[in-house]
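There are two complexes below, and they share chain A, which is joined by chain B in the first and by chain C in the second.
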Partner chain A sequence: MSTIRVRSPASYWLAVPAAVWMLGVVVVPIVLLVWVSFWGGRTFSPASPLTFDNYARFFANQTYIKLAGTTVLHTMTLMAVTGVLGYCIAYFLVMKVKSPAWRLALFLAFIIPFWTSTLIRAIAWVPFLGVNGVINQLLMSIGATRSPIEAFLYSHTGITMAQVSLYTMMAAGPVVYMLSSIAPQLREAAMTLKATPFTVFRRITFPLTLPGVVIGQVLVFLNVMSDFATVATIGGNKHALLSNLVLLFYESSQIRAASVVAVLLMICMLVGVVIALRVVDVRRLGAER
Partner chain B sequence: MDSLATPLEVVARPQLDLELRGIRKRYGDFTAVDDVSLQVAKGQFVCLLGPSGCGKTTTLRCVAGLEEPDDGGILIGGKEVTKDPPWQRDIAMMFQDFALFPHMTVARQVGFGLEMLKKPKAEIARRVQEVLKAFEISPLADRKPGSLSGGQRQRVALARAMITEPRILLLDEPIGALDYSLRETVMLELKMLQQRTGISFIWVTHDQNEAFSLGDLVVVMNHAKIEQQGTAEEILQRPATAFVAGFVQGNNVFHGRITGTSPDALQVETSAGRFYLPRPVRCTPMLGDAVSFSVRAERITDSLSDRHANRLSARCTAVEYFGSVRRHIFERPDGQVLKYDQFGAYAARIAPGQTVQLGWLVEETVLHTGAVA
Partner chain C sequence: MTGGPKIGWKGRSSLTAWILGTLTVIFLAYQWLPILTLGLLSFSGPTGGTTFPMNGTSFHWYQELWRASVMNDFKPPLMRSVLLALACSATTVVLSVAAAQAMRGQFRGSGWFFYLMLLGIMAPGILVGFGFAILMRLIGVELSWDTTTFLVQVSWTLPFGFLTMLAVFNRFDKRVEEAALTLGASRLKTFRRITLPLVLPGVIGAGLFGFSLSYDEYARSMFTTGPDATLPLAVMAQLDRQLTPEIYAVGTTTTIFSLIAVMLCTVAFWAMRRSTALRKS
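Entry: the complex of A and B
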């Protein structure tokens, strides 16, 4: 039993280390970023006048607007694919794998690749997707295609394939948790009330896992929006999304333009998360159980 | 294997709401239900009674279709349903923890069964209103289960199960999750509800007070098998096995060997002495057979006469007073423990530490004749 009460001085003091850390690595950099994005004038210094010029320049460029559109569309595609795939995997793990040992083994098999960094996993896709890559060799050896398919590597399809593999478990994880917290009696009760298995899924299982689905979608959304590494390695120089634009501007020392894109990217993410929280009140998760 | 191959050549009896024909269910090496046969007449209140793990809940789940028996047949209303899924059976079930849907309001929840039967919306709304009123939960219509008390949840679960007017209602420890003070009232209400609706109730419990006060038919189970089935009185007065005698309250159980027989009596030698039993009609015990028998605590007396042929002396170790009953616990050097109940507000005659002669009549002694179906 904790003897520290909510809102007591002790509870505030305990929050200080975390608060200082968050202030230093999250709040201050974001404030700086937003500040820099408004810097006008010719010199890059805190003395610059604050203007909307940088934003105006971004929105005046059709290429950037299109890029933003592509980014959103690409992210939505990934959310849809990983959502469906992740739910299927979660459902299989929780409902169909009866033995706890097997469930753990399969879950680990899905999870262990996540012990390496996103960058490494993205690069690992290159030998698979290339013209002489594993997938093409396989397709040619079984006679599915005569000449190698070039569309895999350095293409939008390739990026999508790699990211689906990278982020499906993010969509599946929360669903696994929500699914396994549903008491089996609930589904049984529905069945004794004459609900067929499909109806049980539609009326009981799915609504009860919806918070998990939404959390998974938020995770995928945030990660895909900010993933420049996969796009850069798999897409080569031919493809870019908003996050790559940040890198591009940064590398060419256009710090103000980079911060504009970064701020816009953050706004997109915030809007996405707010919408998600509208659908499901994540804070009340499990409160009804 | 002595597979029973679903003996359906016997004509199905439509007057029975439920018939189990030798059902068996195994989980790996563990046999959960072993050759259970049961007939439930129309509108009967049946209690499955037994210690935890005896197979009573598995039996209930087989009836519901939530488990498929490995062997044997299940008939509901004379129709074979052994392989049918739950949603095709004319049953409803009330779960131990009520299994209310956490995301649905009470009204939605109660109407769920009718929704599944594809009833028109207006009819569902009307029926839900009626049922909520009947179960006195109308004010809860828009609440979700998370905010309900135990008693309220129990009513919602019952309303949800009853609204479709099933042929059989299956209840798995339906009042086990309630406060002790609520149980008696709820038991009475459920019994009245059952009698009013004429729906057969199959009530699983480990509480013998529940089983004996509610059940028209009480089925005592142990180790996956039915030990005895009958009315409360039959089971209390004439336990068929040592298990039943020991499981129901108030029996003194003895084990021994038959050392003598006569046309109307048996003589049994036990570690506590020699006792005489009426000779059973239905079976023929042989000399030397190991048998068990019992005598109810209230049939014992300490004021002996010539007619009390069964006697023993024992030392009183404890006296418990329950208001209407004074229960004395006795122990003998051979380890035999004895309970002796005295009714009425007499002054205590026996004190702990005292050694007393106790006895009972031959005809009060019940020989356990084995599992009687």
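Entry: the complex of A and C
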């Protein structure tokens, strides 16, 4: 018995507003994007004939294909860096910090920046990366380089550096959750049976946290693939990834070209998520809990 | 076993702890230093540039912010952002409580409904915003911050509120509800008098989620806002025009704003834990 009867019409009607909202604002526009990407003809209207011309035009251009490759490579780099770094941090927080007060303090120190604007945090990297920026001043004061390095602001290195600071906690969060739900007895049993710490990690701890790793990687993947704001802030006009191309086409009123890129971005993301789901069954994960 | 000095497991374990701990501290610095630098540089002198040296300390850039010209006045965008965030927060609370309560009723299609909500979190803002902008163009609706942006942003904040409420409803003690119902209270009355007060901290959490996510949203707003910009859009536009410490002052101000929201959230959760602890004792 509860305040709502199981399978009652009331439960159905309570869900309708949220469902309609999500369908109208998320599902319909995304389906529309796919449709628009096939529109041919000169006028922008639903009456346009459907063709593959928009796609053909995109794939005929070497620059765009290269850009797609760069995007995937950049995203993979970030997944690797944030994955390793995030796992180390999560492992330290859960397994090595014993005092609850310290653990809470560290958790807060990690989570608080996560609640502030990503855009502002990306902008905060600008004074660090410039030719006269903090990093160059530091390098020159300790005598590591004599002249400033121009490789930070408006470069891929700079974008990667900022995004690592923005997204590592996304990779670490799910791992923290999975690590803290491992029963200590499991590891103790393995230790009693004379497994070395490394074997315990390889055979017990890591496999049990794998779902967390995969979920974290999916989050980083989706966010980096679609993060045009950081790329625009730090890369300036010099660097673009696939998501910036959507914006670029949109601003120059090439709606169909923009939707082609958007659809390709979507396909990349779907492929990524499907691969991840093959590794971990998220639904079963929910059922276990 | 290989050669070399023999270190016991305990020794090796504490060595791992030291290495990982150092890494963690370095990363913390890596994450916090830019934010702190942004705050510090916003107080640089009137002749200060966008990096060190600061050329003195002053409130100059905050004063600039206050008496800004029409071109780079951040006050109207700030007002819009706050109003929008409040509206999104309120809508999120109402819809997510209703939707989570509906999930408890296990209606037909609730599995699909759950995935629909997850899609709202997974679908990137650039695709949703762009798609919605095209849809509005085809229907012939003018883009504006208080209509189209509001619609799109709620589709982003609502799933987070929904998941929060779902977690809260999963944890809460159903026997209290059952007791009220057994004593003859109607379902509606039980919900209003028993359920809602018990899950109130969660509701506040959902509301803060809604506020904070809407307040900081950039990608979705960028496609759907029309001529009157929200704060993140205004900041980005200013960054395109000219980089001055004024942007740092805006950044510091909104960051402090967000931190106040987090603090409120923490207090709400703390109050929730305290109230459950009291109930158990």
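Just so we're on the same page, the second predicted complex is superposed on the first by the 271 of 289 C-alpha atoms of A that agree within 3 Å, B and C clash if a C-alpha of one lies under 4 Å from a C-alpha of the other, contacts with A are read in each partner's own complex, and residues count from 1 in each chain.
Here is the rule we go by: a contact is a pair of C-beta atoms (placed from the backbone, for glycine too) under 8 Å apart; a residue touches a chain by one contact, two chains touch by 3 or more.
A quick note: this is a predicted structure, and the numbers were derived from the prediction, not measured.
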Superposition on chain A - do chain B and chain C clash or fit: fit
What is the value, to the nearest 10 degrees, of the angle subtended at the Cα centroid of chain A by the Cα centroids of chain B and chain C? 80
Where does A:V72 make contact in the superposed view: on chain B (first), on chain C (second), on both, or on neither? neither
First, second, both or neither for A:T199, with chain B first and chain C second: first
First (chain B), second (chain C), both or neither touched by A:Q137: second
Specify the partner with more touching residues on chain A, choosing between chain B and chain C. C
Considering only touches as defined above, state whether A:V280 meets chain B (first), chain C (second), both or neither. neither
Looking at the overlay, does A:F92 come into contact with chain B only (first), chain C only (second), both, or neither? second
Distance floor for C-alpha atoms, chain B against chain C, superposed on A, in Å, equals 6
Do chain B and chain C touch any of the same residues on chain A, and if so, which? 196
Considering only the defined contacts, which chain A positions touch chain C in the complex? 1-8, 10-15, 17-19, 21-30, 32-33, 36, 44-46, 85, 88-89, 91-93, 96, 106, 109-110, 112-113, 115-121, 123-128, 130, 132-134, 137, 164-165, 168-169, 196-197, 222-223, 225-226, 228-229, 232-233, 243, 246-247, 250, 255, 258-259, 262, 265-266, 269, 273
In the complex of these two chains, what residues of chain C are touching chain A? 9, 12-13, 16-17, 20-21, 23-24, 27-28, 30-35, 37-38, 41, 49-52, 95-96, 98-99, 101-108, 110, 113, 116-117, 119-120, 122-128, 130-135, 137-138, 151-152, 154-155, 158-159, 162, 174, 177-178, 181-182, 187-188, 190-191, 194-195, 212, 215-216, 218-219, 222-223, 232, 235-236, 239, 243, 247-248, 251, 254-255, 258-259, 261-262
Residue positions on chain B within touch of chain A in the complex are 64-66, 85-87, 89, 91-93, 95-97, 99-103, 112-113, 116-117, 144-146, 160-161, 164, 170
Help me check something: in the complex, which residues belonging to chain A touch chain B? 183, 185-186, 188-196, 199, 203-204, 207-208, 287-289
